[in-house]
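The next part holds the structures, each set out as structure tokens.
Both complexes shown next keep chain A, but they swap its partner, so chain B is in the first and chain C is in the second.
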Partner chain A sequence: MALTALPRTLPRSRPSLGRVLLFGGLFGYFLLPMVAVVLYSFATRWTANILPDGYTLDWWISAVTDSAVREAFGTTLILATLTALLDIVLVVPAAYWSRVRNRRIRTFIEVSAAIPFALPYIVIAFGLLQFAGIVTPGIQGTFPLLLLGHTAIAFPFMYWAVDGAMSAAGIERLSEAAEACGASPYQIIRRVVLPNIVPGIVSGALLSFATSFGEFAMVQTLARGVYTIPIWSAGEIRSYSGDAGAFNRLAAVTVVSFLVLFVLSGIVVYRNRGQIVRLLPSVANSEGRPTA
Partner chain B sequence: MTAVSLRGVTKQYGTVHALDNISLDIASGELLALLGPSGCGKTTLLRSVAGLVHPDSGAIEIGGRDVSGVATRERPIGMVFQSYALFPNMTVRENIAFPLSVRRRPEAEIRRRVDDLLDLVRLVPQADRYPNEISGGQAQRCALGRALAPAPDVLLLDEPLSALDALVRGRLRDEIRRVQQLVKTTALYVTHDQSEAMAIADRVAVMNHGRIEQLAVPAELYEEPSTSFAATFVGSRNAVELAVVDGRIALAEAFSVPAPVGAAERAIAFFRPEDVTVAAGPGAKGQPATVELKVYLGATTKMHLAIPVEGGTARLYADLPSRDAASIDQGAEVRIVVDPAHIRAFPVPD
Partner chain C sequence: MPPRTPLRVRARQMASRWAPAAPLMLLVSYCLIAPIIVLVLQAFWVNGAPSLELWGRVLGQASNQDAIVTSLGLGIASATVTLVIGSPAAWLISRMFASQRAFWMGLLNVAANFGGIGLAFSYLATLGVVGMVTLMIQALGIHFDPPRSSSVAALLMAYEYTNIPLFVLLTIPAMSILREDWWEAAQVASATRLQFWRRIGLPVLAPFLAAGWLLIFTWTIGIYGIAYGLAGQSGGTAARLITLQIGTTLQSDVITGTGQAAVLSVVLLAIAVVSLLSYRRLLRRAMRWL
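What follows is the complex of A and B.
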């Protein structure tokens, strides 16, 4: 009786005023600064009014045609792409090994994954600079060292995404089955592991990309000659001497950077629709242990 | 001819003996079941043959070749897992072809062989489906086909039916047996289910604490368990602990048999519920007992019997044909006798 009386789905309640205010407030809090930046990039002048005095495409045209901006944008894209790729190459085999061959190295990897959050990037950057000075003085202050630095700070995102995907796919079992089928470690990774963790690799790559894309402190410290969008932006602010449109151009570039990252985040969310996005290390990783 | 041979295989996890000096020969074409409770070492033994566990000592031979230093992927084995472990990114056909394609067999040969195997495990209609599009029983048949694809010297099955529901389980069990006999492959089959082991195996090895307690054909195991553990684990037996008096053990007037060798003070007697004769009425002979509960099971009826003995009440089960049980009511006073020929007794360890 009581059971059959239960509705199949919970009825959708009418949005209450409090809820509208809460979500409206949050929306405004996140969106307003962005809207302001977009408006500013199109504004001729913006004085005491709530909206700009007039609109123009001049700043956008001058930003897009500025060779320094284009070069910085290209460098940033290359750096972020290489960071994501290097993280894939390094993390996927390590995560596989830590699950299937030697679970003891998991502790080491998980502690390493906390470091980029525990230490400021600037501290990590100086550490790397010192270390490179001792071990490989040749790459001090160069793009390769910067790439390694970004790979290091972005790797936790790759690791968590890939490890979560491996857990979801039951990689230990599949790997064992493939081994019993006669597959070599290379065949196992290429034909069994990789195809079953693609969502994790894509999520991890996008997050690594985003981490590198907006990073400032390491670029500044590790590679003086490398000119990325954050470096360019900082330079614009620092060298401001009252010339018209400098900040509007900056706003235009900021909008572009934001759009790149926004679209990438959108792809991550869309790819993981219907499932929980697993970026944090899972608590229960106990499957795949023999009981008898 | 011996297909798989184990000599003194030992494996220790900390202080626990997972495998305690196991020696075992599996004949060619034989299906041998490893039966025991969880933690008895049966899975460790199977995984040792697969090379997924490395024994501390002892030798394992497959097809006359010592495989001790041989990696899993080089061993002539096929394996079926409890969790199916099919590759989700491959169709049924591709799963079965996998062991052949990693061995880089010619395309035409793979296609021919996979067609045969699909036919053998009756998955032709499902050949192009993905693992998440087929049922559990079909998935395990696919896993069986994949394990058999490279024509292994030994097929290793690790509780292959445990993830399935009861109805599918019985059918797939017979299916595995049919296929195994058809291709005449040697098989090692791990299970904790005694009826499954007896239904499918040529011989059953009962394992406990890393040792093989008894290795026998199913009928022998059922009729003549050689250890107390085997008697408990196989068949649902009555177990009564009794004092040894004048070299004999007796349950009042129900039975009296000679005490087992080595039993100084106490012994434990095992007998099956169907070997208990229950009679009612004035002319009946034997030990008086009370029917506490009568459970109708269709062809047979199970009676829970209480027998007053010194210091308390002994409780036994008796299985009767339901026709004979009809005249005996719950709560009735009856007399019981157990045929001494069907009693197995073992000393009680101190």
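What follows is the complex of A and C.
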């Protein structure tokens, strides 16, 4: 039973003081850190007053021209993009087959999706490092291992999104109908299945991308030589010793990565019309299929 | 007796049932299932024989005991604060007009996705030694020292930034099971708003809220990036957490630290398994009103 449709009629009362305090407080709490980081990225010197002493673009210029920052951004984007693509390629066929052919695939997927959902990434990363060291020492500590790790922890988001889209489209019936009309398996997938689940694939890809983009524990554990934006930022925080500009440059980089996540979640929310958002296996869909 | 299906045919049948899912299943086995098995083996096997020796050594260390207690305490505190603020917020947002609701859902979604090192830095820029809010309060002439960035109080404030949104997004769908007619019926029976909530509203929603609490508790214990970022400048004085202990052993000493990291990982694994099973049970219970 789907519960995502929120009721439109409501026992509503006048905005009370408590309500104003609650939402005003939350609004300030969510907004202040964003404002602070943006101001920091433009501030010349800011150690004594409420607002910065002056504003400058220097930190932005120095962040953009810094080769370490640019490289880290490149690596982060490549890693996140490959993660999303790999998840599409691996999850879509499995989800489709679990619906039209073999329900036992679904059981396997749903049980394993609980692993990255409940187990901390640092634990998965450590276990994977150990296991890879035993069976495939060649890729221990390399980018490919990290990519596999990110693909694995992001796969549930892709699965919930794609499976929800398949359920909404009634993919089993569509496939049967196409088969009855004499379509070849290739035609069915190309002309019937894929066009109907594009929204799910896009949502899933955005969420996989976002998962990989900000992830820290696995990058730090699995691939020592790989520098992503979170790794670079953590290094900056650790090595900070009051030198002018380091904090401000870090602020500029944080603003950019924040904007990326902002745009990604904006698209996901917009596409789902403000309904289900992080595609968690929330109360609404614990029984049956997720709502995408 | 019917002739046995030839092996080749059976293999082909097998392939047609599983092949499209095989790559994903391989990935999951390699990256998620096998690592768990390896960790458990490493925690319980010493020199080729089952043993609890590592457990005694790891759990006997004061720093690890400290980490486990702090992590559990932080998880309970954070989940409880989240519950207290998040439940009324979720209820009120679920009853908002569509446009207002979309605004809050958007804001919460952005905040929920903003974690890790970026959030740690944002915290420092807000409530660090020269953070914006710190400077604001000091500019008012009030003497104010912000909590140390790696203290439990600071971690709690930073964690809530993602925990509250996650909790609200998670529980909002459940809010729609409280039906309009129930409130009307209660009013007809001349019940007050308070009585309605005590006798009907809360009992119906309680399992959902408890499930949300449990997830936030579990996720909080597993947080690593934010804690790592906030522990940044304080070196040895940072609050000890299970995840940080694992991270530190991995960073410093992969050979001898493996046993300690494995034991602590299995502790986290046990917590995850227990809460996931309880979560399932709670939801099954909650569904009886549907």
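We take it that the second predicted complex is superposed on the first by the 251 of 292 C-alpha atoms of A that agree within 3 Å, B and C clash if a C-alpha of one lies under 4 Å from a C-alpha of the other, contacts with A are read in each partner's own complex, and residues count from 1 in each chain.
Going forward, a contact is a pair of C-beta atoms (placed from the backbone, for glycine too) under 8 Å apart; a residue touches a chain by one contact, two chains touch by 3 or more.
What you see is a predicted model; the values in this text were computed from it and never measured.
When the two complexes are overlaid on their common chain A, residue A:G225 makes contact with neither chain B nor chain C. Shared-chain residue A:A169: touches chain B; no touch with chain C.
Of the two partner chains, chain B is the only one touched by A:E179; chain C is not. For chain A, the partner with contacts to more residues, out of chain B and chain C, is C. When the two complexes are overlaid on their common chain A, residue A:L119 makes contact with chain C while staying clear of chain B. Looking at the shared chain after the overlay, A:L128 reaches chain C, while chain B stays out of its contact range. By the touch criterion defined above, A:V192 reaches chain B but does not reach chain C. Those residues of chain A that touch chain B in the shared complex are 169-170, 173-174, 176-184, 187, 191-192, 195-196, 290-292. Taken together, the chain B residues at the contact with chain A in this complex read 36, 38-44, 47, 50, 52-53, 72-74, 77-79, 81, 83, 85-89, 98-99, 102-103, 146-147, 149-150, 156, 190. Across the complex, chain A meets chain C through its residues 1, 3-12, 19, 22-23, 26-27, 29-30, 32-37, 39-40, 46-50, 89-91, 93-94, 96-98, 101-102, 105, 108-109, 112, 114-124, 126-131, 134-135, 148-149, 151-153, 155, 210, 214-217, 220-221, 230, 233-234, 237-238, 240, 247, 250-251, 254, 257-258, 261-262, 264-266, 268-269, 273-278, 280, 282-284, 286-287.
Against chain A, in their complex, chain C makes its touches with residues 16-21, 23-25, 27-28, 30-36, 38-39, 42, 85, 88-89, 92, 94-95, 98, 101-102, 104-126, 130-133, 135-136, 139, 160-161, 164-166, 169-177, 179-180, 183, 208, 211, 218, 221-225, 228-229, 232-233, 243, 246-247, 250-251, 258, 261-262, 265, 268-269, 272-273, 275-276, 280, 283, 286-287, 290.
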